[in-house]
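Labels for the chains are A, B, C and D, by order of writing; each one numbers its residues from 1.
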Amino acid sequence: MNLIDVTQLVAGYGNNAPILHDVDLALAAGKIGVIAGPNGAGKSTLLKAIFGLLNIHSGDIKHNGKSIIHLRADQLVAEGLAFVPQEFNVFESLSVEENLEMGAFIRTDSISDSIDHVYEYFPPLKEKRKQAAGELSGGQRQMVAMGRALMSRPTLLLLDEPTAGLSPLFMEKIFERIIAVNQAGVTVLMVEQHARQALEIADQGFILVTGKNAYTDTGDALLNNDEVARSFLGGVS
Amino acid sequence: MNEFIFFFNKVIVSGAAIGSVYAMGAIGVTLIFGILRFAHFAHGDMMTLGAFFAFGLTVMFPQAGQLFGLPTGFIMLPFAMVLTALVAVLLDRTFYEPLRRNKINPVGMVMASIGVTLMLQGLIRLFGGIEARHFFFAERKDIFRLALPFESASRKIVITEPQILLFVFTLLAVLAIHFILNRTKFGKAMRAVSDNVDLARVSGINIQKVTVITWMIAGSLAAAAGVLLSLDVSLKPDLSFNLLLPIFAAAIVGGVGHPYGAIVGGYVVGFAETLSIFNWAVFLRPFRESLPDWYELPSKLALVPTEYKITVPFFILVVILIWRPTGIFKGKVI
Amino acid sequence: MKPLLNVFSKESIIIIICAALVLFVFSLFGAAFGFRMLAEIACFSIIALGLSIQWGYAGLFNAGIMGFIAIAAFTSMLVSFPVNEDFRQSIYATEIIWVFVKLVMGIVIIWGINRLPFLQTRVALRRLLLLVAIAVTYLIFMQNLEPVASGIEKEAGFIGGFGLPVWMGWIAGGIVAGILAWFVGHICLGLRSDYLAIATLGIAEIIKAVLKNADWLTRGTLTVSPLPWPVSTPGEIGFIASRALYLTITVIMIGFILWLLQRAYNAPWGRMIRAIRDNELSSAAMGKDVNARRLEVFIFGAVLMGVGGAALVTFNSIFDPSGFLPLHHTFLIWVMVILGGAGNNMGTILGTMIVYIVWVMSEPATLLIFEAVKYLGVEWFNWQVPNDFDSRALQMRVFLIGMTITLVLRYAPQGLLPEKIREN
Amino acid sequence: MGNILEVKQVSKSFDALQVINDCSFEIEQGSITGLIGPNGAGKTTMFNLIAGVFHADQGQILYQDKDISGHKPEELFQLGLLRTFQIAQEFSRLTALENLMMVPNHQPGESLVNVWLRSGKVASFEEKVRQKANDVIDFLKLGHIKNELAGNLSGGQKKLLELGRTMMVDAKMVLLDEVAAGVNRTLLQDLTANIQRLNRELGYTFFVIEHDMDMIAQLCSPIIVMAEGRKMMQGSIEEIRANPEVVKAYFGGGVITT
């Protein structure tokens, strides 16, 4: 069974015209899914719709076979979803460690193990644990943001352009960490502008164009699909 | 020497007392500003309400104080705090929450809080009347007069029991707030919501619970400030309106959304008030002989006549808005 | 075409309700009372229109309407009240002028320091000098004013007025309220909207404190009366006739103001204001000076409040600084505007009528109800009635005003007659 | 021709986050210059600095040889420097036509004195503005929706309206922030043609942030590539595609069409 199942989704901001038109998406547990496509195609919108931040006109979103379109954000976190927005994704006035604690807000058990775990994933955070997150660099912020999301022990991690604004070096580090997180059993669904690199680590790729599914296939298949490569991945390879 | 004792009594003790009251009020205002993002105009009336709860309990059980050797009004303080906290949560549920759900703009929320303040005012005066009342109707208000071990000091330092209780309570309240905000899960969540409400939501923080806790803290601190102030002076139903401006000034001076700033702001406003209405002629009198002949020493030489005390917080507010709109500590909202 | 028809019918229903209310008051309390109420409604309407453009056109939250009313009423009183000969002939008439000449000199010096070329780069020094200059000016002014003020109080009561025609007083009142708005707006309009509410609230309290305590200027709690009327007074031609005349004048004023407002609103000016309200960021990028325009609207509204306030206080014929109440002179007006529909002139006027009639009628109604409560309480429970029972009972009106605000915000945030959206 | 805009060693940070880092470039008068770079490279921040929404921490921005760092948006508008927004910023409760008509500054009808006392002057100017707005509406082929409230328009129509607003006055330089996003292909061709026409016929200089490489390739020369808050390189589309560093930072799998 798929962990996340989006069927015929039509959604938009408020009561304005919908941005997503009949979008389908399905991802099995333990996989990495990548949503790619040109700007304005509704990639981030799809992620936000899954996380209940949008007005859903029709269609359904199922997590573990259960419809989640009527749940509030905190209920979604309890369901095992976690979301890292693209911008403003850390609490700037809180310390790194407090940011992580906030990620574990819904948990009632001890969280110190999980904090140590996050520090293992992202070693640079350990020495900055007492520092305010607002004082960190872009790459470190991204680590805090991902760490915060992992603190709720999610089964499905949604990442909105985790490498935006990062240097190529940092980008590779972040991708490496995403793979590590995935190998620990977390299903990852991410929007990525660096489509080629992202598809290389993806099990499943979804290419959206103007709010509709354009191509859906495995990462490798998409990379090797001439038409996709020509239209969306650029001639350079 | 006597002049300094006079100064100490009039400026330091009174300023610290009123400053503590402002600080406790301003913490509530600043928390609500930070988390719910509107200026809560009904805060003054929550103070009055708290004081009336305590007064009502004092009238019902006038002997309670003797058991502990403290003023009865002070014994009733925790109960008044709980009651006011409940009222605050109730007010939020009935009046503010539906508006938030309708996504009304912050100014609409401010106006709703003015509606609430009028309703509270109406009810308080309907049941409580409009005359001033005193907590110490059945017992004696202890006033301590401390003599200083100096020969030249014939005056005594005067401090009342309610003032001492006020200082002690404020200190405890500040420590408690510090502890809550930095050590408890919900306190940290409050800071997180104040920092970035959207991220707090997607992190799974239950905004509703945080809101409730914010109102409980704000409500109980407001009640405490109201009770302790009316213990020291008297309980007047129009207490609230005169407190509102200094409290907002304190919150803005300290930097909106910044609890420690609110404390500092409270004392800044409190001392500014007592300093500006202090009669500085007292300090000149000893030098009467050495002053030039043409200078006639006025009997009163205050920066601001007492009846214009209300201008002081306003003046501070205006200066801050011009000079540094984010307040002393860098506040959140401009 | 259909929505337009709906709006029209809604409007006419409300007009019929208003007319019925007025008829009811006239038949129950007589024409003299009825005209008095209508004249007051007219004055309140002018104030409410001022608020309606501040809030409805530009979204500015003025929580200190009372201050604008009070200062305008004072100005109007000062301009139109007969000359106080005792004061005119005393030595203080010249001395008070000197005090203010010194104040003006001080202000000129302060202004000069601010402009001194060699200080432009030395910010800290300039601030220090400014602070010292302000402090010195303030202290000298206070020192000089004190004896003169008490002298005036002792020998002449207060300074009296200039004895000019009433209409000049009203205009002066509007201008002074506008100047006050300029000061407040200059400081607050660039900041978060809540700050304006706090600042105006403070201004109102300060103006009230000054008017109440500066006895040499206002007679303080002794009050100034009778204020001259622009038309024949009841003493000359009777209550009904004189009040009807007064009403006529104010209605003509409302007509003129409505003409000004409609014209401005339908012009490019109105389009610009709506654009700014819609999208501040984009308006600024399109070259509109957002803050200057807000200031303009704020001043415009304040001028109307001033004129309306001066007319209201003149009608009551007594200037009583302690009579200015935030409830009556700020929040009642807020209820009128939000109930009627901010930004809709007709709605504002109808809202004013409904709210004021209900407000006036609520006094006897409340007392009646509480009399009944008292009667039952005494009869059945042998209740000890507090001796300030009646004044307590009237607090129910405060409660009702607050309740109306919250209910309107919740269930009809646009008011009875929402602002119309224009289509070309 | 000379440079209309020069950005000299500009830096800007928000709290601790350095968004623009010692960035310098020039824009030639009469050109259509593209600005590309990965998300988060600081492109929109750069626009906001030029348009006066933010002020640079360090460095200078010269527009027509005049230092404009510290100018407010409305002052820049007076100087003929206009911008559109990444997310369309329409006046939602004004009609499409009114959205255009509000643009010209110093309309006589914007002064209350004129409105009340000189209605003739106001009306005649208003007629001219209306005429112009109608022309622009026709030019953009939006005649059928000119009396719709702008809030009800589709994303693409709002974008066109944004471009239309720049046509209401004699702009010298226009900053376009992702005009193509959310606009369908046929409309995009119109938009591109319109931009070129404005550039050719009215001498507008355009500075364009765009992700749609089709449009960039067709429209812009030169193209500035930004990464990590500074200019990485500048050149024609061919030069940029040939630069391995750019390919790594930006195209290495990004959205690019040939």
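Everything that follows uses one rule, which is that contacts are C-beta pairs under 8 Å (C-beta built on N, C-alpha and C of every residue); 3 or more make two chains touch, one makes a residue touch a chain.
A quick note: this is a predicted structure, and the numbers were derived from the prediction, not measured.
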- Task: Name whichever of A-B and A-D has more C-beta pairs touching across its two chains.
- Result: A-D
- Would you kindly tell me how far, in whole Å, the mean C-alpha position of chain D lies from that of chain A? 31
- Query: Between chain A and chain B, what's the gap in Å when you average each chain's C-alpha atoms?
  - Reply: 46
- Item | Distance from chain D to chain B - Cα centre to Cα centre, in angstrom | 50
- Take the average of all CA coordinates in chain B, do the same for chain C, and state the distance between these two points in whole angstrom. 30
- Message: Which positions in chain A are in touch with at least two other chains?
- Response: 92
- Task: Assign the assembly's chain-to-chain touch graph to one of these shapes: line, ring, star, complete, other.
- Result: ring
- Touching pairs here come out as A-B, A-D, B-C, C-D
- Task: Going by the contact rule at the top, pick out the chain C residues touching chain D in the complex.
- Result: 260, 263-264, 267-269, 271-272, 274-275, 278-279, 281-290, 296, 300, 421-424
- Which of the residues in chain D end up touching chain C in this complex? 51, 53, 72-74, 77-78, 82-83, 85, 89-95, 97-99, 101-103, 105, 107-112, 115-116, 119, 122, 126, 129, 146-147, 149, 165, 169
- Within the complex, which stretch of chain A touches chain B? 51, 53, 73-74, 76-78, 83, 85, 88-94, 98, 101-103, 105-106, 148-149, 152
- Query: Touching chain A in the complex: which residues of chain D?
  - Reply: 15-17, 38-42, 154-155, 178, 180-182, 184, 211-213, 227-228, 241, 247-249, 251-258
- The answer for chain C against chain B in the complex is residues 59, 61, 63, 139, 143, 146, 187-188, 191-195, 197-199, 201-203, 205-206, 209-210, 212-213, 326-327, 331, 334, 338, 386, 388, 391-393, 395-406, 409-410, 413
